[in-house]
Structure formats: structure tokens, C-alpha cells
Amino acid sequence: MNTRTLDQIRAASPLVHCITNYVTVNDVANVLLAIGARPIMADDSEEVEEITALCAGLCLNIGTLNARTIPSMIAAGKRARVLGHPVVLDPVGAGASALRTATALRILDEVRPALIRGNISEIRTLAVGSGATQGVDASAADAVTEENLMASADALRTFAARTGAVVAVTGAIDLVTNGSDCYAIRNGRAEMARVTGTGCQLSALLAAALAAVPSDPLAAAAETVALMGAAGEIAWVQMGECDGNATYRTRIIDAVYCLTDEELAARMNIMKL
Amino acid sequence: MNTRTLDQIRAASPLVHCITNYVTVNDVANVLLAIGARPIMADDSEEVEEITALCAGLCLNIGTLNARTIPSMIAAGKRARVLGHPVVLDPVGAGASALRTATALRILDEVRPALIRGNISEIRTLAVGSGATQGVDASAADAVTEENLMASADALRTFAARTGAVVAVTGAIDLVTNGSDCYAIRNGRAEMARVTGTGCQLSALLAAALAAVPSDPLAAAAETVALMGAAGEIAWVQMGECDGNATYRTRIIDAVYCLTDEELAARMNIMKL
Amino acid sequence: MNTRTLDQIRAASPLVHCITNYVTVNDVANVLLAIGARPIMADDSEEVEEITALCAGLCLNIGTLNARTIPSMIAAGKRARVLGHPVVLDPVGAGASALRTATALRILDEVRPALIRGNISEIRTLAVGSGATQGVDASAADAVTEENLMASADALRTFAARTGAVVAVTGAIDLVTNGSDCYAIRNGRAEMARVTGTGCQLSALLAAALAAVPSDPLAAAAETVALMGAAGEIAWVQMGECDGNATYRTRIIDAVYCLTDEELAARMNIMKL
């Protein structure tokens, strides 16, 4: 598989509307600029429909959801859906509070996003009502492993088919499925979990990818998941002895900025299950 | 022209109140510290008048405006105005939504800021009601070029005269005018647009500059616009092969921190039109 | 004193709930990850009690407090208190507005935090009603110096005894007391004040420390204050000629990430008064 997603994002330079958390929002904006897309953050209910109409894709991230922004997410999501724009849902912390779980389920139901990206505990919470979410991190008990890979893929296929969305679960092994085909991706490094927001960044990049490659959302999603992992691998190689997670954070975005489609193709480790 | 704005900011170390967006707020705080000013962010309507009274300048940035913060901006702006503190308006995304345009116009009308800084599409939206704003970016159709420079300057002079504000438009060529004199500034690099928030940072620095150099806001503004561009130039020279926009972001703020008035004077490319 | 706080935080990997300001929130999340703890930010009143129940500690930071988040802080704080979780209060800007002072005092009264960390002007505002807070910075008039050290310590002892909290005042000399014992800490560098949020980061680390070392909050707090200073010292050594406060920001978090308990023990400059 190579739909040259990276080149297509750079060629299209999609404007991506993000209603996202304030923890990682700066990195989300910079990683969108790094890949060649253009971010706009707007979350007031009075303007979100108008803003999303200007854009090519929408990313809804519930990381710091609140009573003011939840209606904005729903309104922007519905409008984007009517306009045929891809909507990505990042259900940050689903399972950690009733509000997060209910809001994510409500977005699934009312917006019907084109793609859902989360860790396995968040996705299990939405799929079967019982992920062992640990704050905003996945539980080890839920992890996708080589041993449970096929069973995990089947569970995700069922969830994808039911929601009509591409589902992307990220962890040590990433899985991306549209309900029939499923890809396992083995890129990235465990140390990426020590940088806040690499998942948020990926979700925003997925919105850019689906906007730029409307013909094949599954392939675009799988390649973008691999791209984020590849950026983490490249960035890690550049780490010096005194570097920690703050430098790693910078280097990952830099790696997205500098990445070529050829380099990505050489690194991508995507296997069809 | 050299009013030694940088040295004056460092000598005065003005406290600058920012009601700003949550995307770039950390960089805004750090660039104010880099230049020798001191930031304070406060946006609750119950405290903004008291906070702004403690400060020497106010920066109003509508990048993530909302129903809660718009009244805070108006209240703080009016209070600062009464106290004779310079108010800078950064009309982020004016033209991208009715809410943004209306809020920026309302601030112009009710607060009468000392300075307005935006990209050309934002400023055209406020000046003539028809900028082709692309999300938070300027449209190429609106760009200030060598060809339309004098006509652009005249249009901005008219807007500056009407609002009573210094108007600073930043892009490939920057223009700064108080309605009579107009300066064209050719500093900076195109890659600065790949870092989110360089405009937001400049707006906050302009509030610091006007607070520190009350006798000559036009010169202080022109020099500060040149300073931000010079920082972008210096930072670019330090970029390595694997560096991208995240490292550039860090290096730009570092360049402001390390910049001397002599270095700035040598780099400033300010021409009176 | 060496309770091996750093090793204990890494072993426990406590989940820390932060209701914090949007200026420095990303650094707060990354420094918690750097030390081996896990952050979760959540501030909607509908979910904060549930979120804090999942966590081992809570950090309340009023840096950008507002009408929506103040009730969330109170609710989360009370719930954490009932559950026996350590609550840290960072009264950012207490003294700069009536809202900040009143909110900090209300949290002291209704939540009874386990630890209060601030600069001397903020703490004096809460202790005696008259700190000369300059925005979010301490006033030179209030500074803890070698000359007034014993008197400052006594004033803080009184405040700590009255509130039942460990009190940590940071500045050129840091003081940490539980009302009887008091430690003076001489780590850190003055340049840390040029990076926004090093205080916010320390407050979050203190919540992690108290969660990981419940048996000795005073020692855990003193060591964590020294740890943050040591990180600032180590980071400073790595600064190059063109580096400024933005690189220093990154290097400080990196230093926390790379720090060993042995290195910390060698650098800690903690003296019992």
C-alpha cells in the first residue's frame, strides 16, 4: 500500500478545524503546519459551524471537554457531516468519567465521525462498555499484543462496521480497520507515551489525511498512523544523552516537517491481517 | 530611525496583560519574558479590570474568543483606555466568522486600541469589509507586494486615520502606519508562517513596546515589527538539517532573548514610504 | 535527609489530577511525565470528582481561574480531601486581584490542602493579607534573604501551623515548613524566572511527591523543591551561546527526565533551620 498520503496532504494543504483540549493544542497546531496542512482552532458555539464550513476536515478531541464546548463539538460535527467533510473523533479519557464516555457516545451517535482514533481502553469503552481506562492512558490489561492480535482485530472490525467509521487504535501495535480490511502497524517507539499529546497530534493529522485523500480513507489512515510512528522513530535517533521528553516532543514535530514520502515508504511497517 | 525600543523595553520591564488564545499563549508568555517584559494572563470578567490596572499595557487577541472572554476583553480594554495604557488588538481570523469580525469591530469602536496588528486579510476585513481570510491565514489575493505597495500603504493610512490607531500589517512585506507616516519593513522569513503564533507573539511584544516607549508609538511599533523579523532571520541561520518548525519555534524565542539593540539596528530593514 | 522521593515517584507512577492554567499546562503535563508520574487535566464540574477519585493526588492552580473552573476546584478539592489524597494549592497571583485572593483563601478554608506552594508575595497575601504581588511575580520588597531568613521561616511556620499544610515558598532561597520543622533550600538559578511556568511545574511535581511518599510529606516536599532547582542547574550547564529561555524551558524538563536519585542527592542543598 502506498497512496502517497503525505504528498497528497502537502499538495492539498487542507484547512483543519480543531475543537481540542488546551493541554496539547499548540503541538496539534504545529504538527498540522509541519505536515503542510493549516490549523484553525475555534470552539464558540456561535462560530463553529461557520468555521468548519471554511475547512476541509474537523477534529473533535474531548481531552478537556466542558459544558461550553460539548455543544460546539456536536454543532460543528453535524455541520461538517452535512458538508461531507471528514470528522475525526479522539475520545480522550473515555471510560475515565461518565461525562467523557457519554460525550464520545453522543458524538458517535449524532455526528457519525468518519474516523475514531484512541487507545485500546478508550475504544473498548465505546465498543463494549468496559475499557479499563487509567486516566488518559490505556490499561495494560486491554493491550493489543501479538497473542491477541487477530481477536483484537475482529473486535475492532465489529465496532467499525457498527459505527461506519474507520477505527484506529494506537499502542505498541496499532490497528486500523474499516470493518472489513484491517491493518496492523508496527512503527513508533514506547517513549512516545512520555510526551503528552502524540495521540492528539495523530488525530489531527488523520483529519488532514482524510481531507486530502477522500478516495481511500482506510489507506490514508493507515499510512498516517505509520507516519506518526516513523516520525517518533526518526526523532529518537536524534536524541542525545541529556535529552528527555521535552526535546523528544520538539524532535517528533520536526521529523514530520522534514519527512519525505520516500523515507516514509521505506520505514512504514504496515501488514494486512 | 532608532528609538532603541528593545533597550527601553528591557529597562522598563513592563507588565503586560494578555487576554489571548489558548493555542499560542505559552509562547506569548515566553516571548514577553524573552524580551524582558513580564506577562500576566487573566480573562475572567470579575478580575480583568483590576489586573489591567496593575499593568502597563494590554493585548487583546481573539484567536479563541468565546462568549465568556469577549465581555472580559471589552471591560479590560475600556479600563486600560481610561488609564491611558496602550491596548493592542490582534483580530485573529477576522473575516473567517461573523463572530470574529463583529468582535474585532466592536473592540475598535468601544475600546479604540492604540495599535491593531494583523495579516492583510484580517485588516482588509476591518477596513473595507472584504478581506479574503483563509481561516487564520491571509489570502494570496490580498497580499502586499512590491507592485501594490503604495496603494496598500494608502489604504492602511486611511484605516489608521479613521481608527486613530497605529496599524501594523505583517506578511512578506510589513507595513506600519499611524495615518500619515508609513514604514515598509523587509525583515523576517516566509518559514515563520509554519510556526503557529509568531503573529500572536508580535502583538504581545507590541503592547510591551508601546508601554515602554509612550512618546513614539509609531517608531516603537515599526522597530518591534522589524525585531520579530530579525529574530526569525537569526533563528533560521541556526537551523540544522533535521530541524523543523518545532525547533524554529524555540529558536525564534531564543533569538529575542539573546538579541542586542546593536544587532537589531544592523539587521533592521525599515524604509519610510 | 534523603527519602529517595524521586525513586518513589518513579516506582509509584502516581496519576495526578490537575486543574490548572492554560498558559503552562503543556509543560505541567510533560514535567509530570518526565518525572515518571502521569497527568490528567479535567476541569468540568460534572466530571472533576470522578476524575480525582481515579487519581492519587490533585494540583489546584489558579493561574487562569474563572467562574467555570472555581467551583470545579472546590468540588475536586473536597472530594480528594475526603479520599485522603494530597491536594496542592498554587495560589498564582494571589494579591493581584480580589478574585485570586478570595479564591485562594476559599480553597484554604474549604479544601484544607496538604501543601501550598507559591512565591513569597502570594504566600504573604494569604498569611498576613499584605503581599506586594507584582502580577504573578513576587515583589523584591517581600523577598526571603539571608538577612531575614529566620524571621521569614518563623512567619511561614505560623502560617503552616494555622493551615495544617506544608508551606513551600520558592525564590532565591526556598523555604519549606510543616509548622515545626523548616528547611532552607539553595538550589536553582535566577534565570528560571525567565521561563514561564517553572513554579506551576513544581506545584504539580509536589502533588506527585506527596502521593508517592505519604509517610513524610515535609521531606518529600523539600526534596522535590530541591529537585526542581537541581534540574534548573543541570539544564543551565547545557545552554549554548545562542540559547535563550525557550531552550532553557525544554532543557529543564529534559533534566527532570534524565535525573537520577544519586545525582539529585549530590546536588541537593537542603539545610534544616
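Letters A, B and C mark the chains as written, and numbering starts fresh at 1 in each.
The criterion applied here is as follows: a contact is a pair of C-beta atoms (placed from the backbone, for glycine too) under 8 Å apart; a residue touches a chain by one contact, two chains touch by 3 or more.
Computed from a predicted structure; not experimentally measured.
Colleague: Roughly how far apart in rotation are chain A and chain C when fitted on CA atoms, stated in degrees to the nearest 5?
Modeller: Rounded to the nearest 5 degrees, it is 120.
Colleague: For the two copies chain B and chain A, is the contact made of the same residues on each side, with over half of the numbers shared, or of different residues?
Modeller: different
Colleague: So, what's the distance in Å between the C-alpha centres of chain B and chain A?
Modeller: 33
Colleague: Specify, in ascending order, the residues of chain B that touch 2 or more different other chains.
Modeller: Chain B, residues with two or more chain partners: 22, 26, 68, 249-250.
Colleague: Which of the residues in chain B come into contact with chain C in the complex?
Modeller: 15, 22, 25-26, 29-30, 33-34, 38-47, 50-51, 54-55, 68, 234, 238, 249-258
Colleague: Which residues of chain B touch chain A in their complex?
Modeller: Touching chain A: residues 21-24, 26-27, 63-68, 93, 96-100, 134-137, 194-197, 241-247, 249-250 of chain B.
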